[in-house]
Each structure stands twice: as structure tokens, then as C-alpha cells.
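You will see two complexes here that share chain A, one where it goes with chain B and one where it goes with chain C.
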Partner chain A sequence: MELAIEKMDDVTVVILPGEELDANNAKEFKGDVGPLLQPQAKVVLDLSQLRFVDSSGLGSILSCLRQLNAAGGDLKLCGMSKPVRALFELVRMHRIFDIYTTRDEAVHAFQPE
Partner chain B sequence: MRLGFRPSIWLKLAIFIGVLALLTSGVLIWTAYMFARDMLVDQIHARLTVTTSDRQAMLLAYIHQQHERVRLVASRTRLRQLLEEHADDKIADVAFRAGATPILADAQKSAEDFLVIGIADLTGTLIAATEETYLGKDVSAEPSFVYGQHIAYLGIPQLTRGRYQTFLSGPATAPDGQLLGVIMVVLHLGLMEELLADAAGLGQTGEVMVGTQRGETVRYLLPPLHDPEITEVPLASTPAMAHAIQGYKGFMHTTDYRGVEVLAAYQPVKYQGWGIVAKIDVAEAYTPVERLRLALLVLEAAILLVDLVALYVLARRFTRPIMALARMAAAVAAGNLEARVTVTSSDEIGRLGTTFNHMTEELAASYATLEHKVVERTRELVQANAELANEIAERKRAEEQLVQAHEQEVEIGFKIQQMLLFDQPPRDLPGARVAALTIPSQTIDGDFCDFFKHSDCCLDVIVGDVMGKGIPAALMGAATKSHFLQALCRLIALSPSGKLPEPKEIVTLAHAEVVRQLINLESFVTVCYARFDLERRQVDLVDCGHTTTVHYRHSTKACTLVQGDNMPLGVSEGEIFEQITVPFEPGDVLLFYSDGLTETRDDTGELFGVERLAACVQTHSQLEPEELIDQIRLAVVAFSNSERFGDDLTCVAVKLAEPELPLTQVEIEMASDLQELARARAFVREVCQNLPGTPLDEDSTSQLELAITEATSNIMQHAYGGRTDQRIQIDAEVFADRIVFRLHHLGEAFDPSLVEAPAFDGSREGGFGVYIIAQSVDEVRYLRDEQGRNCIYLVKNRQTT
Partner chain C sequence: MASNDTTPGMSHTHGTPTVTAQVEGPKLSGPFLLRPADSCALVIFGASGDLTSRKLIPALYNLSCQELLPPGFAVLGFALSPMNDESFREHMCQRVKNSPEVLVFRQKLWDEFVHMLHYITADFADAAGYQQLGQRLHEMDQEHGTHGNRLFYLATSPSFYAPIAKNLAHHGLVSRRSGTAGWTRIIVEKPFGHDLESARRLDKVIHTVFDEEQVYRIDHYLGKETVQNILAFRFANSIIEPIWNRHYIDHVQITAAEMLGVEHRGTYYEEAGCLRDMFQNHLFQLMALVAMEPPVRHYGQSVRDRKADVLRAVMPISAQNLAEVAVRGQYGPVERQGKRVPGYRQEPDVAPDSSTETFAALKLLIDNWRWANVPFYLRSGKRLPQKLTLIAIEFKRVPHLFFSETPQDQVEPNVLTIRLQPDEGISLQLGAKMPGPEMYIRQMQMNFSYGDAFGEFPATAYETLLLDAMQGDQTLFNRSDAVELSWQILAPVLEAWQTTRAGTSFPNYAAGTWGPALADTLLARDGRAWKNTTTLPRFYVTEAGS
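Moving on to the complex of A and B:
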């Protein structure tokens, strides 16, 4: 999976390619995103391309959060489409993740005021 | 109680000792008294007798002395001369008197008690006297003169001028013995009086009396001491004097002249019939004995008093240790085994105390032993109890195990029935809803049922009952079932055009296969084989001696009973079975059952019966078959008042409906590869976007996409375990009000009850799938399809316009 990565100051913005994150490609995503989850890393996942996420996809994103939190880093999400947002809400994950509408908002959230 | 006890024993002793002392001293006193009195009486007797004799002798001596004195006077010579001269008249009276008087006076000089001395001539005229008054006095009538002519004589005393005196007389004779005259002396009896009055030794009341008889009276010569006025008393009133006068001598207890009791000694004086009595008052005589008696009585009273005091002291000495013992016994009775009495003596009571103490020690010892034994016994009992409890618990466990085993047996029987004998009715039949119920009895029964779904429009229902119970019946049922299936398969195979064989052909063939075994086993099977043709709306029915089928007709709202006339299977070889055809309409219900249902009995033994069953079906005809059957079950339970039945209860209900055909029907088949997930979603989106009528909204479409993706990936990853070479078929049927997706696969069946609840706190990355599916559609079922494949059945309702 070709992840598009942008650095904004010390924040890593990862843009998920493709419209779907399901059981078929969730493992691949986990493998690809793994090296980015450095200690103290500040990561923003840009989900704006995704039109569909299933429970496996959600599980892989949850895995990212847990890895980063364990290593002193943090993860923020942005650009969720309606069905993706619906899934997150269905399993109450919107309470676990910091979710922002735009990428800038997410990045900005890392900046200390 | 304690207060009453002491006087009681004391009183008893006092009464006993008192009576004893009284009796003893009474006898002693009485004896002493009698003895003393006898002695006294003897003594008084002797004294009185001596006194009597003594006085008598003295009296007699006195009399003789007086006689001598008078004779002495008469014998004076001068006097005799004078008398001779006078008698011869030689001298005159005056001369005589002058000569004699000095002589008489001389005689008087020497005798003071001679008051007067006179001489009477033979005519009894006093011719000379010392006192002139006596001269010429005629004394011829005097006894003294009469007796005095012959002997000296002392007359009866007379009280004259306050003095007792009498005539003492004697003859004055010549020397030749010729009587010349009589000497008459007036004698003062003072000496005699003194003699008799001396009652020395006779006490205060003693006296000596002399008396003589005069006619019937006694005349006392001297006045009585106590009453000098009395001189004469009747003879009878003084027996002692009477005896004396009569010449007896003796002693007696009698009464005297006063009527007073006296002791008297009496005897004759031996002179002129005189008697003498010496007497003493009884009262005085007995005074010493009375005094003795009084002294004895006082003594006795004193002894009694001393007795009682001694008794009281003694009784106290006895009762005190007894009281102490009683107190101790009370203390011991109250449980104080330490109580002891102080033993101060070595007598019986002391020994009793010692024994009592010993007994109490023994008691304490044995009590301690007993206590020990009780403790021991209690411990044993507790142990025994525990053992008993264990035993009971074990027995209970064994019973529970037995019950469990029994339940397990029933369960096994139920499982056998469910697995071998019962098939689940098809649920996906468009034109009919079928429900089956079986309640196994305590024993394995031979009820069975089977369903062959030939197409959506054709269903065979077989309900049978093997005669008998237990494993043989169950196996026979299973065998019969398989023979039906076998017969069906063979007949289908033999059919050139693929035409479905008739039920009667199937039954006939199956019967031909099993009849020999059934006859050998002496068993038979009743069967009802029904084929529902939903297109033609008719049921072909082969009834082989089975219970009548209840047919509820929607059009008439009433039940009819359908019954064929074939024999049960296994009765005769070569049997040809006939079938009957019954038409039906939508809304009709056909109910097949085993005789266990209608032959259920109530408490009075009445059968449930087919009429009651038909009525029940009629009442609940509007319900779905599952609910209808449940109502029948409830009715039977209520009727028999029991949840358990002697026979298996088997019941199959078929409710016919207008078959609902989907508006569109599409399907897709794919490999069990995760790469196919996108295709599955595309299929869903395509179905949803091409719905007849109102299209599905975007949110519902997304939800269906999600649900199908989750279900498909579950099948791929779990049912097929990740193998990618297996097949998954997804078909979709669109109805006016819903969309139905069915995911068929041949992988492992999925049991949603084993799935863990999802973790909403982000602690687990997986486990959301089943939850997501359930939340995304309106109905989820995990079932087995008519081809035996596992199937996930999803329904999403759509808004109706």
C-alpha cells in the first residue's frame, strides 16, 4: 500500500490511498504504517480518501493508536467520510480517537498553544 | 418445711417418752401407794388393837379395884356390928346413924372420888350416908342395889351436875354370911375418864369409846370426844361397838356415830356386856399415804420435766446433724457436689454423715465420669452426625446423580429423537409455514417425522409411530425413515422424466422393504405420508392406520378429519397403498400428530381426544404454526395437569399461505478470498441501486455493504479458516418491504452465542464483526439451507411507498 506521507513540522501526516480499508488490505496497511509509529511520534491519519472501512480496517487504525500511545506518541484522525464516521460511532470509537474534520485542524491540534 | 420438721421429730419423741415415763411412774407410784397404804393400815390395825386391849385391861383393873374398895368399906368390923345391931333392932336408926356415919366419913377420907358413901338396908332405903340429903332415899330400883346385895358392882355412869358418876355397890354381910345391908358409894369416874380419854398414839381424831347395849341402842359410858352431847346412838349405826358388845374382837373400816369413815379396833370389856372401841378417822389415818402420793406425783412431774428437757436437748443433738445432712442433700440436689457436712460425732448419725460425704464424693466422681462420658458421647454423636450428614449428602449426591442420569437418559432419548427420528421442518417454504413439536416421554418412543422439500412448491411431510417403546422402536423408526428416503431416491432415479413419484408409490416401496423385518419383529408402524403441492393447492395423503389428520378450513372456519383406510406398515406383505387427495386454500391448517397427544388422560382418566384437539386448532387457527403448536401443548399440559407424558407427543402443523414471490432475485458466487470482498460490496450496491420501486437510501445501503462485508469475511476467515479455494454464494431477493440476502457456504457452522461482546473502550482490536452485522440489518439468522449448507440470512427492511 503506497502511503502518502507529509511532514508538517514534527507532525507526520499519513494519507491513506484507495477508497477502502477492509479485511483484505488491513494487514497491509498495518505493515506499511508500522515504521512511522516511532516513539514520541505525532501522527495524523488522513482518511479523506476512504469511502469504506470494515471492522478489520478499524482494528488496524486502533492498533496504530495503541502503538503510539504506548510509545509516548499520539494519533489524530481527520477527513472521515459519512459511512466511515458511522462505523466509528457504531462501535463508539469516536470517543477513543481524536477526530478532526480537516488535516490542518488535526495538525494544529498537536501544536502547543 | 424446715421449721415443721424439727418440732415434728421432737414432738414424737416427747409423746413417746412422756407416755412411757407416765406409765412407768404411774405403775410405780400406784404400787408404792398401795403397798404403803397396806403397811399403814396394818400398822394402824396393830396400834388400834393394842390400844383397845390396853384400855380394856386398864378398865377392867379399875373396875376390880373399885370392887375391892367397896368390899373394904363393907368389911369394916364396927360397921358390921352396927348393922347386926340395927338388923336385930338393938339400936335405933338414929343410934345407928350416929355410929355408922363417922365410919363412913373415915372411909371417905381416904378416897377422894367417893363422893358419898351410904348404907342401904335390905328394903333399899338409905339408912346412913355421908351426906344427909341421901338419908331415907329409896334406891331399891337401882341396879347397883339389886346387884350390890350379892356382889360388888359398878353401875352405869350418869352425868350429874357436870360430872360423870355412878353407884358402886357391894354387900355388907355378917360373919356368917347373912346380908346386913348394901354399901352404896356415889363414885366420881374422873379416873376412868382420864384413862379412856388418853388417846396417845391415835392422832388428832383418835378416841377410845366404851359402850353398853340398852335395847336397840348403844349407850356410851363416857361422852364421845367429838360430840359430848351424844350419849346414845342406834346399834346399827356403829357396827364396831355393836360387834364389841356382842363379844367379838376385831378390826374394821367403818363409820362412827358422826357418819365419818373410820378405822376401828373393837373387843368386849368382859364386864357387864360392855364393849370397847378404839378408832381413828380414815382421813387422818391415810394422811401419810396421801402425802406420799402427793410427793410421788410431784416427783413424777419433776422427772417428766427433766425427761422432756433432756429429750429436747437430745433431739436437738440428733436433729441438728440431720438438718445439716438435709441442707447438704438439698445443696447436692441443686447441683453443688462440693457440699459436705462436718462430722463431729462417731455415733450412727456421725457415721451417716461420713457415709453421706462419701456418697457425695462418689456422686461427684461418677458425675464427673458421667460428664466425661456425656462429652465423649456428644463428641461421638457429633461425629456420627457428621458422618450421617456426609452419608446423607452422598446419598443426595447419588440421588442427584441418579436424577441427572435419568434426565440425561431422557435427554439422550430426546437427542436420539431429534437427530435420528425428527427432522427440522423447512422454514423457507414460500407458500407454507411448517412447525413441529416433539415432547419426549420418559422412555424412548418410536415417533418420527421427516420432511422432503422437493421444491419451493412441493413438500412431503411424513409422520409415523412405531408400535412399542425403547431402543428397538426408535431404531425401527429410524430404519423406516431411511427406507422412505431410500424409496424416494430409487423411484426418482428410476423415473425417466425426472417426474416426482407419487406418495403411494413411495409408501408401497418403502413398505416392501421393511415389511419382512416388521413382521419378524412382530411390530408395525402407522404412518401418514402427505405431499403438499402448493401450486395446485392440494395435499396427497397416504394414511396407514395413523391418527386422523385435522384439517382446518379457512373458508368454513371449521375442522374436518381426514382419514385413509390403509393398514399400518408391517401388517401384511404385498400391501398396495392408496392415497387420497384433499384440496386446500390459503389459510388452511393441517395438523399431524401421534396418538400420544390424543390419548393423554386427565386426573379422571378421560382422554384428551381428537375433538378437543380439533377445537384447539380451530380456536388458534389464526396463529402461526409455532404458536399454534405451543397452544396445543399448553392445552394438553393443562388437561393432564402434568408436564411429563407417558407417550411421546409429536405434532406437526402446516399452515398454508399465499406464496410470496420475490420481486427480483439475483445471486453471485465467489471464492473464499478476501479479495472478493469488494465484489460482494459491489453486488450489494448494485442490488440496492436497482430496486423495483423506491430505491434504498444511502445510509441503509452503506449498512448493508458493511454487514455483507463483515459476514463474508467471517465466512472466509472463520468458517473456511482462511482457505481461499472454497465457494461462497450470495443471493438476494427483493420483496416489496424488504431485501433478503443469503450467504451460503459449506464451511463450519457459526454459533453467534459463542461470540464475545465487543470492547467499546478500544482495548481489543477485533471482535466487532457480529455486533456490526446485527446492528446494520433488521434480521440476522444463522441457519442451514435446504441443500444442507450453512447460511447467514440477513434481512433489511425497506420503506414501503
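Moving on to the complex of A and C:
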């Protein structure tokens, strides 16, 4: 999986390629994103290209959040399509994650008030 | 736009040839069956103990994060350790922050949850504590909108169960019937008694205060996703039921193996032993789920009725056949890589001449139409080579050896393995022709892995069970008759082992091995062997007929 990565100040923005994150590629995603989940890391995951995520895909995103959270970092999500948002709500993960409409909003949310 | 109908499975290997199952993802338009939980106050007796901070509060926090708690909800801790609301909240916060059980710790979500936590310092036997409890519950009804509904959780030593139940009744804190005053339910942690008599005595006391419909005997094993999946696997797949009987199944094995020794639980374990600790509850429940007839519906009494039927049909063990169907063991010390692993008798709080069993194996027969003459072999032990809980269902061999004129002189039976831990999932062992000019048949596995299919979500057993209790759903809780039946099955073994304690030749297995040799004999006598691993044996080419 070729993750597009952008640096915006001290925030790492990861753009998920492809329209699907499911049992076919969730493990690969976890492996590829792993090196970015450093202690104290501020990461934004841009899901704007994603149209379908299943429970294994969602589990891999949750795993990123847990890993970052345990190491003093944080993960914010942005750009969710309606079906993806609907799945997050179905399994009640929408409150666990900080979800923003745009990438700029997500990056900005890392900045101190 | 991508389809949300199916998500093909991913290739996954465990060092053996593997065919990956296709896994269907959740459908956004599918029915969402969650029923609302009633507003209520949860009172935890023994709230300063390990269970509360390690399991209960993390589970409640997770439910809160997912907005699954009822609209009016509060927790009231009741224990002797001196704390107030503030110090209790701080203590719980520290534990939840570092808990592997929580989805993720977020301060804003904790802040939403923490105001629901309250605490009173009181003695379980002290009347003043129950007066204070009544007053605080009344206040919580006003403050949190808990509507007079009370869920009492006994997270204490079993010796306090009866006094707490009596005190609750004495102080007017129990409503036998739900009405305008609200409902009362009680969750009782295992062990449910120490033997048949003590279980009956405990039930008698509890039933003087609560009706059976108000009693929730919790066994967290039954809330595990993989355990619940046994029902889904059996009854949501039409190809399974026709072969799930004596015509096709040769025998069933259930193993719950621990690598650890008794650790810091010596005092408890000396009194309990393996049979009480694992068989009466966990292993018998797994056996019942594997062997039960199809229930009419998932909710209500149907599942519990069918499970009780299984326990009722287990053929009694007699003193005469005890040696042929029951094996006990105790681990001894061993030197490993220059390090000494202590034997059970060297563990803290264990008698140096202890005759308590740390390993047990039973052969049980279920005397009904479906399972006549199909043995169920159950075993559990401490200090075994790996942590492993699995159910292995071995099918009968093919009736005709079609390959007898080829180099293939035998065909292994199909084995369905349900892995409850680790690497949760289900595998089916099948024979397949190896590529090449000769007819060699090799065993391979079709494998379904929870981790691959559903991602790595934290354990949710207590979340499920707490929510069920708030919803008034007793399906995953043990019923009085099932508990009594379990003790009835074990009674002859417990009695015989008690009277022959002095005659044991303990220790009889070395730490890090699969138990005493007699456990292997138990199956070898029937021409069978334990499945000690979920991976397949190596394949050796042998000469035909050798």
C-alpha cells in the first residue's frame, strides 16, 4: 500500500490510498503506517478517498489510535465519506476518534488554543 | 463506489497449507439489534478490589465511550477500604489509563463518565452501611435519574454473599417484583458454591431474598466473543447441523491449558483445585454450547434450557469406573535453561505435602439421541507447555479406503478446531492430494482468524454481560439448575479424590509438560490422542502398508 505522507508543521498527514480498507489490505496498512506511529507523534489520517471500510479496516485504524495514545501521541481523522462515517457510527467508534471534515481542521486541532 | 456486500478474505498462513475463508463485512443497512438498557444504579460490593478496577470500571468506561450506557446511570462502590467519591474516582482513573481493556483513554470521554462514580466506605456486615446505601441510592435517583432500579454486583469473597443478600433485604433495598419502585437484580461472581451442598445452601439464601429471574450468576467466559461465536457457528450455518451428531463425529476434546502456575492464588487454589476452578463452570459451559440442541430463540430461557438439558444428560460417574474416566495431576519442579521452575508444593501459600490437583481430565458421555457413544474428553491444567483453550471436534474416518491401491495407506480424519485463545478462530483440517504423480494425501487447513476478519478489538466480555444485566437478559448467565447439575456431575469425583488424597503420588507431571501420563492413557485406551496444538503435524512419506 503506497501511503502518501505530508508534513504540516509537526503534524504527519497520512493519505490513505484506494477506496477500500478491509480484510484484504488492513494488515498491509498496519505494517506500512507502523513506522509513523512514533512516541508523541501527531498524526492525521486523511480518509477522503475511502469509500468502504469493514471491521478489520476499522480495527486497524483503532490499533493506530491505541498505539499512539499509549505513547503520548494522538491520531485525528478527516475527510470521511458518508458510508464510512455511517460505519463508524454503527459500531459506535465515532466518539472514540476525533473526526474533522477537512485536513486543515484536523491539523489545526493539534495546535494549542 | 465500492460494494459493501462482501469483503474477500486475505491469505493467511500458519506454516501449513491454508485456504482462507471468505469473510463478509458488516452491512450498513443490516438490522441493529441492540436493545436499550434500563436506567439503573450499579452497586459494586467489594469496589476497592482488583476485579472492579481491572475489569468492571474499564468495561463501563468503554460502554460510556460508545454511548451504550442507559440514559440514567451511576455506579456506587461499597467496600471497607476508606475512600470517598473523589479518591475512588482518582484511583479508577489511574487504573483505566493503564488498562489494556479500554478502547482508548481520552480525557474528555473520562470526564463525561467519571461523574457517575460514587463510593461509600462500609462494612458488609454493618447495618449503618446499608442505611447509608439506601440514602445514597435515593440521592442518585434524583441526581442521575436511575428510577429506583438497582443492580447489585457481588465482587466480594463468596463468604459475604449470604450476609449481603440478607442485609439488603433487611434494609428494604430489594424489590421482588419490578414496578413503580423499580427493579432489583443481583450479579453473583463465581464460584457458586464449593460443592453440591454448599451451592444448594447459597441458592437457598439468595432465593429467600431474590427470585431466580433477578439472579445473574456471571461467568465472564460466556461473554467472550469466541464463546458466543460457538452458537453463531453452529446455528447460523446450515451445513453444520446435519453432521453435528454421533453419525459423523467421533469424539470431542475441550482443552483449557495454562502456562502459568498458581502464582499468588495459593490460598484459594489449595481449597479449590483444578476441577472446581475450571470444570464446574468454564469447561462444562463450553461442552454445553457444543452439545446443546438448537434453541428456539436467542433471548429468554431457551438457550439456558437447552444447555441444562446437556448437563442433565451427562452419564453419572460412579466410584467403579472413576479410574477409567478421571485423571488428576499436580505439577512438580523442573530445571529449564538453568532456571528452576517451582513445583506446586513450592508455591507461596501451598502446603509442602499438598494433594490439591493442578491438572484434571475427564471422559464424559452424554446420554441422549444426538451424542450416544460419542466421548467428550475435557482437560485443564496449570504449568502446561502453552496457554491454549480449544475445542477439537474429530469426525469419523472415511468408511472406505478408496486409495488402498495407491501409496496412500491411510487417511486422517477431519478435525474442526475452535480456538478460543490464542489466535482466536476456527480451522477445518481436510485431506488434499499433494501435487505429483503419486496419490499422497496431505492434511491442510481451512482457517478463519478473528484477528484478520474483524481486527484487533479489546476483549468485551464484561461489557456484554453488564449490558445484558441492565437489559434484563439472562441468556449468558448461569441458571440455578445448571449450576446444581454441574456440581452433581463432579460430586462423585470430588468425593473420591477427597477420600483418597493421601494416596496420590503427587507431583506426577513436570512443569511445562502436558500433564500426567495417565491423561494420555485416558484417550489411548480408546485409540485416540489429545490435540496439543492447533497446527498440523509434519508430513512424512511412508511406504504403503508399513
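Following the convention adopted for this analysis, the second predicted complex is superposed on the first by the 113 of 113 C-alpha atoms of A that agree within 3 Å, B and C clash if a C-alpha of one lies under 4 Å from a C-alpha of the other, contacts with A are read in each partner's own complex, and residues count from 1 in each chain.
As a working rule, a residue touches a chain if its C-beta (ideal position, glycine included) is under 8 Å from a C-beta of that chain, and two chains touch if they have at least 3 such contacts.
As the structure is a prediction and not an experimental result, all values here were calculated from the model.
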Chain A as common anchor, with chain B and chain C clashing or fitting: clash
Touching partner for A:S63 - first (chain B), second (chain C), both, neither: both
Touching both chain B and chain C, residues of chain A: 20, 22-24, 52, 54-56, 58-60, 62-63, 65-66, 83, 86-87, 90-93, 95-96
Chain A residues within the chain B interface of the complex: 20, 22-24, 52, 54-56, 58-60, 62-63, 65-66, 82-83, 86-87, 90-93, 95-96
In the complex, chain C residues that touch chain A: 1-4, 7-10, 23, 25-26, 28, 32, 65-68, 103-106, 109, 452-457
In the complex, chain B residues that touch chain A: 674-675, 677-678, 681, 699, 702-703, 705-706, 709-710, 713, 716-717, 758, 760-762, 765-766, 768-769, 771-772, 775-776
In the complex, chain A residues that touch chain C: 19-20, 22-27, 51-52, 54-60, 62-63, 65-66, 69, 83, 86-87, 90-93, 95-96
